[in-house]
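Consider the two complexes below, in which chain A is the common component and chain B and chain C are the respective partners.
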Partner chain A sequence: MKRRKLYKIRCPYILVGSVLVIISVFIGLFAPVLTQQSPTKMFPQNRLQPPSQEHLLGTDEFGRDVASRIFYGMRNSLQVSVLVVIITTVIGLLVGLIAGFYPKTDMVISRVLDAMMSFPEIIIAISLAALWGSGMINIILSMSFAYFSRMARVVRASTIAVKEVEFIDSGRAAGASDGYILFKYILPNILSPIIVQATMVFASAIIVEATLSFLGVGIKPPEPSLGGLLSDGRNFLPVAPWLVIAPGVAIVITALGFNLQGDGLRDLLDPRLEE
Partner chain B sequence: MNMMADELLTIKGLKAYFYTRDGVIPAVDDVSFHIKKGETLGLVGESGCGKSATSLCILQLFPQPPGRIESGEILFCGEDLLKKNKKEINGIRGNRISMIFQEVMNSLNPVLTIGRQLTEVIEIHQELKREQAAKKAVEILNIVDIPRPKNVMTTYPHQLSGGMRQRVMIAMALLCKPELLIADEPTTALDVTIQAQVIELMKGLKEMLGTSILFISHDLALVSEMAERIIVMYAGNIIEEAETAELFSAPMHPYTQGLLSSIPMLTGERGKLKIIKGSVPRPTDFPEGCRFHPRCEKQTKRCLDNAPPLVKIGEKRMVRCWLYS
Partner chain C sequence: MLYYVIRRILLIIPVLCIMALITFFITFVMPGDPIRLILGDFATEEQIQELEQKLGYDKPIYVQFVNWSSNIVRGDLGDSHFLRMPVTKAIIERAEPTFFLALGGILIGIVVGIPLGVVAAIRHRTWVDQVSITVSLLGITIPNFFLALLLILIFGVWLRVLPVAGYKPVSEVGFGVIRYLILPWVSIGLMQSGSIARMTRSAMLDVLQQDYIRTARAKGLTEKTVIARHALKNAFIPVATVIGFSLAMLLGGTWIAETVFAIPGTGQLAIMSIMRRDFPVIQGSMIFVALVYLIVNLAVDISYAYLNPRIKYR
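Let's turn to the complex of A and B:
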């Protein structure tokens, strides 16, 4: 009964978030099915055409179909974000668990994390991407590097909190080793903040990826990406506004979806807000 | 020596200190005692007197840092537990020495089912298949009087009441038939009727399995129910050790006398309840001399300057007071 009520109250966030997330994931997954046109093939004779039946969202300065570029761009953005989330979660989890569990290592790890977190993530990501050069793998690595400290922080804090609860001692008294305590006792008990943090990282990864591509250090053209589309279209704003509006809307939908979902999940999984 | 043979656990000169910003806290200060096979030893004292710290040292659960075990020996079946490495200690914990805790509400992992937690203990220590482990777990739940044990196996800790949880904890502690069970205030968080049931259960189990028990409590009446011998601790020291009957009939240390006379009586003359004046000294600055002297009604000049030694009185009694030496 209680569960149900809870669900009702927090319904709107999660619901709206989920719908937006599903839309963007659907587009990303089924990009090749949704459009028959190639996202990279150029038709100079068709350049800068307004939306029509043939090109739903018009064409760009090289005559490429904007709709299919957005679909594939979405696909690339999601791909980058998923990998960033996986890498940050795995690394952040290990670092955070170790720092939280072994106070001696915490002295060093926490200082390093503090130092990393004093820079805005986007600055770290941009400088690393600029240093390593553009390309999908490079931006995934640079973004993961920028974000893992956040995840590690959350995991560390939750680990310290859970470590103090008596069942850890009773686990030890039953003969469980450190690894056993970490992965069987602590990890399952801190899953909810990790899930929330992962969703949050996903949401900002979408934005940062778009930013990097917009600035030209992201996904290499001619491969489409949402930020790249925005950046290319900006030059033709007065004559072909659809070149900017369409990818802009796509970014908003994806980022908003994941953000709402993150907020909703945080509220739903936070026991302190249960009343 | 013949005497040593039936000693299961012998603690010699154990010192465990906490190092805090406010100074050094001698949580356990030169504590020595032993537990015989099949015996129940009671350890009583006020909060912060070092009784829990002592028990945590045995299984090396004493938090280090901020604490540190300074010196001493903890001989279990003749082997010094303090010299064992992590792996060896893990093999002993839950297998040969088990522990149950005061906090029944938080002592079980909330995300695992009861069955999972029980079978895991078996899997850590014995090479049994999961079904066999589960069978064993159901058996042990039956022994601790849990109704419908098969159903309980699939429940989560929050679905059980406090008394049930403590039974599960006891079941978990007894899974591998340990030689020593350390019970750190096992009934403090339970209400009185459940308390009585748990005590009955523990007594029955002791008879059945022959386990030695180190029973820690601040409740003298409870300890007298369980224990054959009692050790009283005050401010990190053992101040008196005696067989239960003797301790109650003729307490020697003024602190023990104070404790016993501050138990309200149902029979006899009614008067104002006796109390021990003052409160436990702050552990960072224990008084010079006898640590109890500021609160003692029988203090003498000697108590102010010199700490009394623990002296043997007769065969089985020990007391730390200048009145007797």
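Let's turn to the complex of A and C:
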């Protein structure tokens, strides 16, 4: 009953968040259907046209349709983010479970995580992406490297909290192995912080991917990416502001959707908030 | 207390060592060959070998790491391949704009963020709260470079009241430096105010439920006094953590804002060096970022222990 009430209060955030997420995922999934125009084909005679019926968001300096470049950019952005979330969750989960369950390994793992924390994540991501070279796989790996420590810390803290509860002892008394206890007893009980964290990583990943592409170390042109669109558009800021505003708004909508959901889910799943 | 401070300083040492290892590892695994980049495509095999020897790239990795880290301990971060000067000097030369940017940015963050969070907590679950939450969430969601470009568009291109980019040192233009800093300040500050507002709101909500707040109200204090003297003062500890954390990040370099506004700070130096694979500067910048972060956080932690008698320093 109380949970229901809380859900009602938090509902607008999750609802608005879900709508934004669904819109961006829909655009990402159906980009080829939504737009008939090629995101990469150039029509120099149509360059820098303002928004019109034919080109809803105008055209860029090579006469390419901005709307379709944004749609495909969102598709790329979501692809990168999904993979980053999967990789960080799997690695963070394993590292965090081990560190939380075996205090001896924790000594080492926690120091390494501390050290990684003293570099801002975005700086690790930029450095690695620049050094490994741009391209989808490289930026996915560098972002995962930058963000897995965050997930590992959350998992570690939750594991330590759950480990001391009696049912773990009873499992051990019944002869369960460490692996069985970790995945059958502990994992199901720490799922909610992991889900919340994964949603937050998703939102960050959208923004970091855009930042990397903006700096020219992300998705390789002419392949469209939201950050890359902003970076190209800034040269034409006085004459064609839509080249900056449209992709910027697309980034905000996508990231805001996941942030709203993360916030809502955290409040919904956090038992401390049940008054 | 002294024991606590010493212990905290000693605890930094292992973190620093691992940090150096990570930095070295990150810059070592990159594929770009710095020797070829320095000499260009037409270098002869001999020239390449000679420079490799001179810069020490011909030695095994562990020898390079030992040499490099023993130099760091002595405060020597090596020489830049491109700037023809020591890395430490290059970073110090560019510290002024970054320092101003970080300080101004965090000030705007505090001035906007704390009232926003307090108001949201006082008017909990009303439209004021909703608006505040939305605004602060937008603050942390809008990418820094997008906000920066919007500001440039509005104030630089449409209204033409502020320069769109660039920077002149204080020694040349005195207070005129503010003209170059306003837009970057706002773009950094609004982002920081988002996280500060969120933390202020949740800390205030926690505190407002405490018994001593009820007591303070019961003894007839005005709501203003209760909020300012009793609630905010106690809610400030977690907020100060966020502020310290943000300040540490910003002092390490406002990489994106410096790049968009073409401000020659430490962040722009780092990004430029990454693009041209200037290994010593990249490594130096990363060490600089992490060191600033550790020192600022240490200072924040120690000042807590000093300010808040409830924290036991062990």
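Just so we're on the same page, the second predicted complex is superposed on the first by the 274 of 275 C-alpha atoms of A that agree within 3 Å, B and C clash if a C-alpha of one lies under 4 Å from a C-alpha of the other, contacts with A are read in each partner's own complex, and residues count from 1 in each chain.
Note that contacts are C-beta pairs under 8 Å (C-beta built on N, C-alpha and C of every residue); 3 or more make two chains touch, one makes a residue touch a chain.
Worth saying up front: this structure is predicted, and the values here are computed from it rather than measured.
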Clash-or-fit label for the pair chain B, chain C on chain A: fit
Which superposed partner A:170 touches (first chain B, second chain C, both, neither): first
Which superposed partner A:184 touches (first chain B, second chain C, both, neither): first
Contacts of A:115 with chain B and chain C, given as first, second, both or neither: second
Partner chain(s) touched by A:203 [first = chain B, second = chain C, both, neither]: second
First (chain B), second (chain C), both or neither touched by A:148: neither
First, second, both or neither for A:242, with chain B first and chain C second: neither
Which superposed partner A:103 touches (first chain B, second chain C, both, neither): first
After the two structures are overlaid on chain A, angle v-u-w for chain B, chain A, chain C in degrees (C-alpha centres, nearest 10): 90
First, second, both or neither for A:252, with chain B first and chain C second: second
First, second, both or neither for A:234, with chain B first and chain C second: second
Chain C versus chain B, contacts on chain A by residue: C
Lowest C-alpha to C-alpha distance for chain C against chain B (Å): 13
Residues of chain A at both interfaces, chain B in one complex, chain C in the other: none
In the complex with chain B, residue positions of chain A that touch it: 103, 165-167, 169-178, 180, 184-185, 188-189
Complex interface listing, chain C residues touching chain A: 14-16, 18-19, 22, 26-27, 29-32, 125, 130, 133, 137-138, 140-146, 149-150, 152-153, 157, 249, 252-253, 255-256, 259-260, 270-271, 274-275, 277, 282, 286, 289-290, 293-294
Sites on chain A touched by chain C in the complex: 9, 12-13, 111-112, 114-116, 118-120, 122-124, 126-128, 130-133, 203, 207, 210-211, 214-217, 227, 230, 234, 237-238, 241, 244-245, 248, 251-252, 255-256, 259-260, 263
Complex contact set, residues of chain B against chain A: 59, 61, 65, 86-87, 90-95, 98-101, 103, 106-112, 120-121, 124-125, 169, 172-173
